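Each of the two complexes below includes subunit A, the first together with subunit B, the second together with subunit C.
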Partner chain A sequence: MKPENLQPKDTIPKFSKRRVVLWGKDSDSIIKGFFGCTATVAIVVLFLITLFLIKEGAGFVGQYQKSLKLYRLSGLEYVEILKERRADHTALTQYLNGIKGEWIKSLKDEGLTQKDISKTVMSKEAKAVFIGYLRTSSDLRRFIKEKMDTAIEIRDQEITNINLKESLDNYAEKISLVGNYSFKLSPEDRAEFILKLKEDSQKHTFDKEKLSSNRQLIESLQDGIPLNTQSREIYLSLLKNEYLSTEKLIQPIDFATSILKVTNEKERYFSILEKTQSDMEAVLDKADLIEFNNSDLDKRRERFKELNTIFFNKLSEHKLIIENWDPNKLVPFWESLGSFLTGKEWITASDQQDWYGLIPLLSGSLIISCLALFIAIPLGVGAAIYTNQISTSLEKNLIKPYIEFISAVPSVVIGFFGVVVLGEAIRLMSQLGFLSWVPFFPIQERLNTFTAGSLLALMAIPTIYTLAEDAINNVPNHLKEASLAMGATPLQTTFKVIVPSALSGIISAIMLGFGRVIGETMVVLLCAGNRIKIPELSDGLGVFFQPVHTMTGIIAQEMGEVVNGSLHYRALFMVGIVLFIASLIINLGAQWVVKKYNKMES
Partner chain B sequence: MGRKEIQQNGKLEPFNLMQKNSHKEPTHLFSKRFSKKKVLEESVTYLLRTLTYLVIVLAGYLFLDIAYKGSKAIFKTEAPFINTQFLTEKPQTLHVFEPLEIDKKLSKIRSEVLSLNIKTKSLSSANTEQAKEYSTTIKAHNNEIKRLDILRKKDRLTFSDTEYRALEFTPSLDEFKYNTYAYSGGGIGPAIIGTTLLVFGSILIALTMGVLCAIYLSEYSKPGRSLQAIRLSILNLSGVPSIVFGLFGFGLFVLYLDWGVSLIAGWFTLALMALPVIITASEESMRAIPKGFREGSLALGASKWTCIRTNVLPYALPGILTSSIMGIARVAGETAPIMFTAAYALRDRLPWEGLENTTDFFFQGVMALPYHIYVVSSKIPQNEYTQNMQYGTALVFLLIVGSFALSSIILRAKVRKKYDW
Partner chain C sequence: MNVNFQTDSKKSDTPSTPKAVIQARDLDFSYGDSQALFNINMDIHKKEVTAFIGPSGCGKSTFLRCFNRMNDLIEIAKIKSGTIKISDVDIYDKNVDVIELRKHVGMVFQKSNPFPKSIYENIAYGMRIQGIKNKKELDETVETCLKGAALWDEVKDRLNQSALGLSGGQQQRLCIARALAVKPKIILMDEPCSALDPVATAKVEELIHKLKKQYTIVVVTHNMQQAARVSDRTAFFYLGRLVEYGPTEQIFMNPENPKTEAYVSGRFG
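Up next is the complex of A and B:
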C-alpha cells in the first residue's frame, strides 16, 4: 500500500452519499455495471458456442431421416440387400485366392522353378476351379448392377425434383418481391437481370426490335439507372418465363410404381441364385481333383467347402428377407439418430448412398487414445513420483520446467516430426530382419495408429506429469513423517502412503490427459493415416499398426469442402457435439473424482 | 538418500543381521549389507529414473532434430549468419535443374541395384557363393552412387520463382532435368507476419474481456450457487478441444455472419478459445490476494473501484501476465481453429498491400506459420529440396512459441517466490 493513498485529500470528512455522475448513479456503481456487462457478454458468448453447436447439429437428424427415407423409397435399400450375397461371394473368392497364393508359396518352398509352378497352378483342373468359381457369380453381378442403376436413376430424379422445387420457391419469392413497387435493384440483382436479358437476346436472334431494345436496356442498367415501370415489367416477364420453364422440368415420381421397376423379376433373381448355387457346387466337386500334397492346404480346402455350405444355407433366409421387404416402412427419427451413433460406415460423396456412421471414427479415436495413455501413464506418473520423491532438488528444478515446456510444443510441430521422422523410422524398423518373427511386421503404412499414438503420448505426458506432481506435492507432510518415523523406508513411504493418498489427484490427472489426447487434432490428422475403417481386432496386436481416422481428424479434413447447411456439414457438427460432450464428461469426471476422495478423507 | 536407507535398515534389524552375518567378515552397525529388499528398492528407483530420463531424451531428440535440420535453413555460414531471405520472402515454387547426364547414370545404377536385390532374394539359401558375389557388386554400385550424388549436388541449379523469371537464359533441357516443387522456394515472411497479427489481435480481445470478466467475478459478484455454476462451466469450457472452437468459428463467423476466411474471424475464434483459460487464471490470481488487503483499503474510506485499482490489481498483475503469456503460447500454437477461419495456404500479398478500404484489412485471410507447417508436411513430398522449407518453418515456429512458453514458466516461478502469502 502506498502511503499517499492513506492520506485523505480533503480534511473535511464526507459521509454524505457519493456524487451522482450519470442517470442517478454514482461512479462506483457505473464501474460495477460496466464490469457486469463485459462479464455477461463474455459468459453469454461462451454459452453461445454450446447453443450454436446444438443448433447446427440438430438439423442433421431431420435431414438424415429424409435421406434414409429416400434410400428406402427409391429401392436402394433393396439393392443393398441383394448386394450382401454378392459381397459374400466376393469374400469366398478371396478365400479361394488365398489358398492359391499359399499353394504357389508351398511349391516355391519345394524348390520348383517359376515355369513349373505356373504349369501346375494353371493346369486344367486347377483352372476349372479357380477361374470357374469366379465365373459362377457373373449372372448375379449383372442382375444386381441392372437393379442398382434403376434405383440410382429414381433417386437422382427425386433429388433433381427437390432442387427444382427449391428454385421454384426462390423464383416465386423473387416475383412477389419485384412486383412490389418499393423494390430496388441491388448490385447482384442488376447483374442477374443483365445476364437474363443477354440470354433472352440469344433466344430471339431474328427479332431485331427486341434485340435493340434489350441492348439499350442493358446499357442503361450498366450505367446504374433504377428500375422503372417498363423495365420492371420486362424483368417480371423474364422471371415468370423462367418459373414456367423450371416447372416443366419437374417430373414427379410415383414411388409406388417406380419401386416395382426395382423389385420386379424376383422369380428371375431366385432362379439366378439357384443357378449360381448349382454352378458353385459343380466347381466344388472339381476342387477335390486338385492334388495339393499338403495337409495344410487340404484343411483349408475343407474349410472352404464348409464356408460354401454356410453360404448356401443362408440363401433361404435371404429369400425370405427379400420377400418381406417393404418400401413403405416408416423411418422414425430415432432411427436416423441411431444410425448415426451406431453406423459402421462413413461414406461421403458416393454415387449410391451417403452414410454417416460414428463408429469408425469413434473407435479410431479411442484406439489411438488408449495406446497413447498406455505409453503416457507409466512415463508421466513415474516421472512425477521420481521428481517429487526421489530426485535431488537440482534435478527437480531442471526436469520440472523442461517437461512443462514440452506441453507448450505446438501439436502441428509434433505431427510434422511424426510425418518426416517417426513414421519412416517405424517402417524401417519393421523391415529389419531380426524383427521378422513379429506376426504383423513388416508394416505397410508408415502413418498408422502407433505413429500417432506414441506422439500423442508425448503430448499427454506433460499434462499427466504436472497434475500428478501437484497431487503428490499436496499430500500433507505429516503423513510422510509419520510413516518414516514408524521405520518404513522412503520407497515404502512413497508407494504405500504418499501415492495412495494422492491417488485421486493422479486419476484425475490421467483423465485430463485422456481429454487432451482425444481432442487433439493436428497429430492425428497428419500421422494417423486417415483411413475410414473400423480397426480389425482380429489382427491381434497388429491392430495398432493399421491406419485409422478420428473424430477430430474428420472435422479438420472435411470441413473445408462442405456446402453450408448440407447434410454433410451437419454431420460434422454432430461429430463436434460428440467431442464436446465427451470432453465435458471427462472434465466433470476428473473433478468428481477429486471431490469424492476429499470428502472421504475428511 | 542411500545413507538414510542404510541407517534405517541398520536400526531396524541390527541384531538379526549381526547374527546372520556373524560367520562372514565382521561388520560394524552402519556398514553396507546385502539384502533383497534393498536391491528391490534400488531397482525401483532406477526404473523410475529411467522412465523420467526416457521422457527427457525422447523430447530432446525431437527438439534437436528440428533444431539441427532447421538451422540449415535459417542460418548461413557467411557474414550476417542469418538467412534473412528465408525469414522475409514470400513462399514460392522452387525450380530445380539437375544435370541430366549424371541423373541418367544414377537411375541406371539404381535400377541395377534393385534388380540385383531381387535376384539375391530369389536365390535359394544353398547358393551362398552367388549371393556373396551379388553383395559385393551391390556395394560397389552403392559407392558409385555416392560419388555421383556429390557431383550432382555440385552441378545442380535451384531457383525460386522470382529468380527463375528474372533469368535471361533458362538452362537448356538437353543438359538438365527440370523439376518444380510447390511452396519450397523463397521464405516464410507472410506466415510470420500473419501469425503475429493473429496472435496479437486475439490476445488483445481475450485479455480485455477476460480480465474485466475476472474482476467482476472475483470482486463484485455475490458468492452463491449460480456463481459456482458459472465458474465450473468456464473451467470445463477450457478443456473443450480446439477443433470444436474451430468448428464453431467456421459456422458462426465465416458462414453465418459471412465474414469469409478472414483475419477477424480468426481473431474471435482464437480469442474465444483463450478466454476460459484467461478468466480462470486471472480470477485465481485475484482471489489469492488476502482479504485483509481489500478490507484495509475499504476501512480507510476508499471506494470499491479505488480498492481494486490500488490494492488488488497491482498484486494480481504478475499472475495475470503469466497466464496471458501462456495464453499467447497456446493461441500461437493452435492450428485447428484457424484452419478454416483465417488461414490461407498461399497468399503472395502482405496484409497491408493492395487494400481498397481500410476495412478490407480485417476481412482478408492471412498465411500463418502453423497452417504453413501443416501444408508443407502433408501436401508436398519429402526430399532434399523441400526439407529446408519444412524444417526451417518448424524451427522458427518452435522458437517463437517456445520463447513465450519459457518466459511464462520463468515468470511464474519468480512470481511464486515473490508473492507467497
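Up next is the complex of A and C:
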C-alpha cells in the first residue's frame, strides 16, 4: 500500500442513517428482536405449563373433599371402623396359623411320619383350637359384610343420582336451545334426532301412521336449516319425554335416614362382639390342652394369649369410637389435602372407596433416588477427580467421552436392559448357595428398588461427572502450584486443596444429578416393580430389594386410562405438581450453592 | 547442613565454593522445541538475597522454577543438558524425591494464592501434609511463622477467618509465612511485589531483608530499584542467557556488559 493511501481523505464525511433492511429495521435490531422473541416464547411456554398443571391439579382438592364427604355420609367410613376389629382378628388368626406351621415343622424334625403328624395336628383338641378360633369371627364377618353392602348401595345410588342430575341439566339446556326459533340442526343434532325418532318408531310398531310420519321426517331432515314448527314440536316432545323419564330415575337420598340402615343394630353388633370374645376365650382355654413338648412353641402360645388380651382390652375403646362416630361431621378442604399428602394408600377403581395417598409413591421415589445417588456419587465424583487430577491425558481422552456417551443411551433401552439382564442376574445371584449368609437373600422379586436404582445411578453418572469435572477444573491452577511447592504430594494436593475448593460445585453437581434421577420415568416404570406399597424399613437392607412404585411411574402408567376430569385424573396432576415442586427446589438449591461459591471466590 | 532430599545419598565429586548453596552448570532448558535457557552457569550464595532481573520473557522465572522443579508440571518442559545442584546434590537425579526437595526449597508466587481456608489453616497446611497433628505444635508454628512474616500483630485476633478476607499485601505475606512453615532453607520468590501497592511492597521488602539472616533467598523482579534495595547479588538475564552476574552494587554502578548498563539505566526493557 502506498503511503499516501493511508492519509485521511479530505472529504466531508456522510453521517447518514443506517441502512434499513425490513419493516424499517436494520439487521442488528432484527437479530436482537429474534433472540428476544425466542426468550419470550420459552418463558411463556414454561408459564403455560405451570398454569395448566396447577389448573388441572387444583380441582383435586374440592373433588376429593366431595368424595370423602360421600364416604362419610354413606356410612362407608363407619364400616371401615367396624372392619378394624375384623382385621385384628384376622391378624391373630394368622399368628395362630404360624404356630401351627411351626408345630408341624418341629414334629417333622422329631422324625414323625406324615401320617402321624396329621394325626397329631388334626387331633380333637388341636382342631378345637385351630379351626374353632377361625370360626369365632364368622358372625362378625357376616355382620360387617351386610353393613358394607348397604353402605355401598347408598353410595352407588348417590353417584347414580349425581350422574342423572348432570344429564338432566344437559337435557334442559338442549330443550331451551331447540325451543329457540333460530335453532338449526347441526350434523350431530340430526344424528341424535334420527336416533330418537327410530327409537320412537320401535316403541310404536303398531301405529302405522306414526311410523310413516317418522320415516318422512327422517328423510326430510337437513343440516343447517331451521326446523319447521311441526318437526321442532316433535323434537321437543321427544326430548321432554326423555327428561321426564330420567327425572323419574332419580331417587333422592335422605342421608339422615339412610345412614341409619348402616348404623342401626349397634346393640346387635356389640352382642356379636361380646359373643365373639367369649367364644375366643373358650377356645383359648382349650389351647392349654395341646401338648407341644417344645419350649419355643409354649412361649409363642403365651404370647398369643397376651395378644388376645390386648385385643380384648381394645374392645371398650372400639365401642366408644363406634358410639361417637358422626356422619355429619364436616370434611374441611385441608383434610382432603392432608389425606392426599399423608395418605398411606393409593387405591383406584375399588368397589368401596378410592384412596389417593402420596406417601407410597413419594417414599418409593425417594428410596430409589437415594440408592441411585449412593451409587452414582462415588463413581461420578471419583471419575471426575481421577480424570482431572490423576490420569494421564490419554486416559482422560478415553474415559471422558465414554462417560458422557452414557447419556446418549435412551432410557427405555437402559430400562429394557434392566428388565431382561440386570434384574434376572441379581435374582439368580441371590439364589446362589454361597451367598445365602446375606440376610435378605434370596430375593423374590426380579424388579425392585435395587434394579431401578442402580440403572438410575448409571444415568446420573454423566450429569454428576461432567459438572463435577467442570467444578474441579475451575479451581485456579495457582492453588495447586502453591500446594505442590510446599512439598505436598499430588494426592494430598488433590484431596486437601482442590476437592475442598471445588466442593460447592461438586455439591451442585450432585443436586442436579438428584434432579435428573427423581424426574426419570422410563427406567423406574420398567424396573421398579410397580407395587404401590410403602417400603418396609423393618427389613433392614432388604428394603432395597422390595418392589416399589414412583411418582413419575404412576403418572406414566395411569394417565392413559383415566377419564378426563375425573378425580383420579386430577390426583395424577397433583402428583405431577409435587414432582414439579421437588425438582424446582432441587434446582434452586443447586443454583444457591453455586452462587454462594462464586461469592466466596471473588 | 543436613540435606536429605536425596533418597540414595550420592555425594558429588566436584568440590564447590563453601558459600555456594545452589550451583547451576551449563544449563540448557527448553519448552518443546523452543529453547528457553542457554548455557547458564551460576553460584547462589548461602544466606544472601540474589535478584534476577531482565526484560519479560528472558527466562528468569523459568530458571527460578528449575530450583524446586516446578517446571515438572509442564509436560513439554525439560532440561536438555547441564546440572543444578543444591547443597551438592544434583536435584535432577532420578533418585531425588521431589517432595523432599520442595520442602527444602520453598516458593512464593507472583499472584498471592492463599487457599480458600482460614488464616490458621493456611499456615498449618504445610505441617498437616507432613502428618503433624499435635495441636500445640501447630499453634506454636503458626505463631512463629506469622511473626516471622511480620503478620502476627495484624491477624492474631482473626486466625479463624478466611484468608481471602485479607488485603493483597497481607495475603502475600501470609503466603511467605505459609512457605516458612515447612521450614525450608531456600525461599524462591517469583515477582512477589508485582501486584502490590508501594506501602505493601515496602513491608514485603523489609521482610525479605529480615529473612535473609536465616534463609537463602532468590527473588525475581521487574523492578530494578527493588533489586537494588533488597539484593546482595544481581543476575541480569537477556533472551535466555545470563548476561552478567555479580554483587548488586557492581551491576548497578559499574556493569561490565553494555547491555546490562543499558537495561539498568532504563534504556530498554
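To be clear about the criterion, the second predicted complex is superposed on the first by the 553 of 602 C-alpha atoms of A that agree within 3 Å, B and C clash if a C-alpha of one lies under 4 Å from a C-alpha of the other, contacts with A are read in each partner's own complex, and residues count from 1 in each chain.
What we mean here is this: a contact is a pair of C-beta atoms (placed from the backbone, for glycine too) under 8 Å apart; a residue touches a chain by one contact, two chains touch by 3 or more.
Here the structure is a predicted model, which is why all the values come from computation and not from measurement.
Colleague: In the overlaid three-chain picture, which partner chain does A:78 touch, first (subunit B) or second (subunit C), both, or neither?
Modeller: neither
Colleague: Applying the touch criterion given at the start, work out whether A:402 contacts subunit B, subunit C, both or neither, answering first, second, both or neither.
Modeller: After superposition on chain A, A:402 lies in contact with subunit B alone.
Colleague: Quick check for you: in the superposed arrangement, does A:489 touch first (subunit B), second (subunit C), both or neither?
Modeller: After superposition on chain A, A:489 lies in contact with both partners, subunit B and subunit C.
Colleague: In the superposed arrangement, which partner chain does A:130 touch: subunit B (first), subunit C (second), both, or neither?
Modeller: A:130: touches no partner chain.
Colleague: By residue count, is subunit A touched more by subunit B or by subunit C?
Modeller: B
Colleague: Kindly classify A:346 by the partners it touches after superposition: subunit B alone (first), subunit C alone (second), both, or neither?
Modeller: neither
Colleague: Applying the touch criterion given at the start, work out whether A:500 contacts subunit B, subunit C, both or neither, answering first, second, both or neither.
Modeller: Second partner only.
Colleague: Which holds for A:311: it touches subunit B only (first), subunit C only (second), both, or neither?
Modeller: Neither partner.
Colleague: Under the contact rule defined above, give the subunit A residues that sit at the interface with subunit B and also at the interface with subunit C.
Modeller: 487, 489
Colleague: Sort out for me which residues of subunit B touch subunit A in the complex.
Modeller: For subunit B paired with subunit A, touching residues are 1, 4-5, 8-9, 11-12, 37, 41, 44-45, 47-49, 51-52, 54-56, 58-59, 62, 65-66, 124, 208-210, 212-213, 215-217, 219-221, 230, 232-237, 239-248, 250-252, 255, 272, 275-276, 279, 293, 296-297, 300-306, 310-311, 326, 329-330, 332-336, 339-340, 370, 373-374, 377-378, 382, 387, 390-391, 394, 397-398, 401-402, 404-406, 409-410, 413.
Colleague: Quick one: which bits of subunit A touch subunit C in the complex? Just the residue numbers, please.
Modeller: These residues of subunit A touch subunit C: 476, 478-479, 481-489, 492, 496-497, 500-501, 600-601.
Colleague: What does subunit A use to touch subunit B in their complex?
Modeller: 1-2, 5-6, 8, 18, 27-28, 31-32, 34-36, 38-39, 41-43, 45-49, 52-53, 56, 111, 378-380, 382-383, 385-387, 390-391, 399, 401-417, 419-421, 458, 461, 465, 487, 489-491, 512, 515, 518-522, 525-526, 552, 555-556, 559-560, 564, 572-573, 576, 579-580, 583-584, 586-588, 591
Colleague: For the complex, which residues does subunit C have touching subunit A?
Modeller: Contacts found on subunit C: 68, 70, 73, 99-103, 106-107, 109, 111, 113-117, 125-126, 128-130, 162, 164, 175, 178-179, 181-182.
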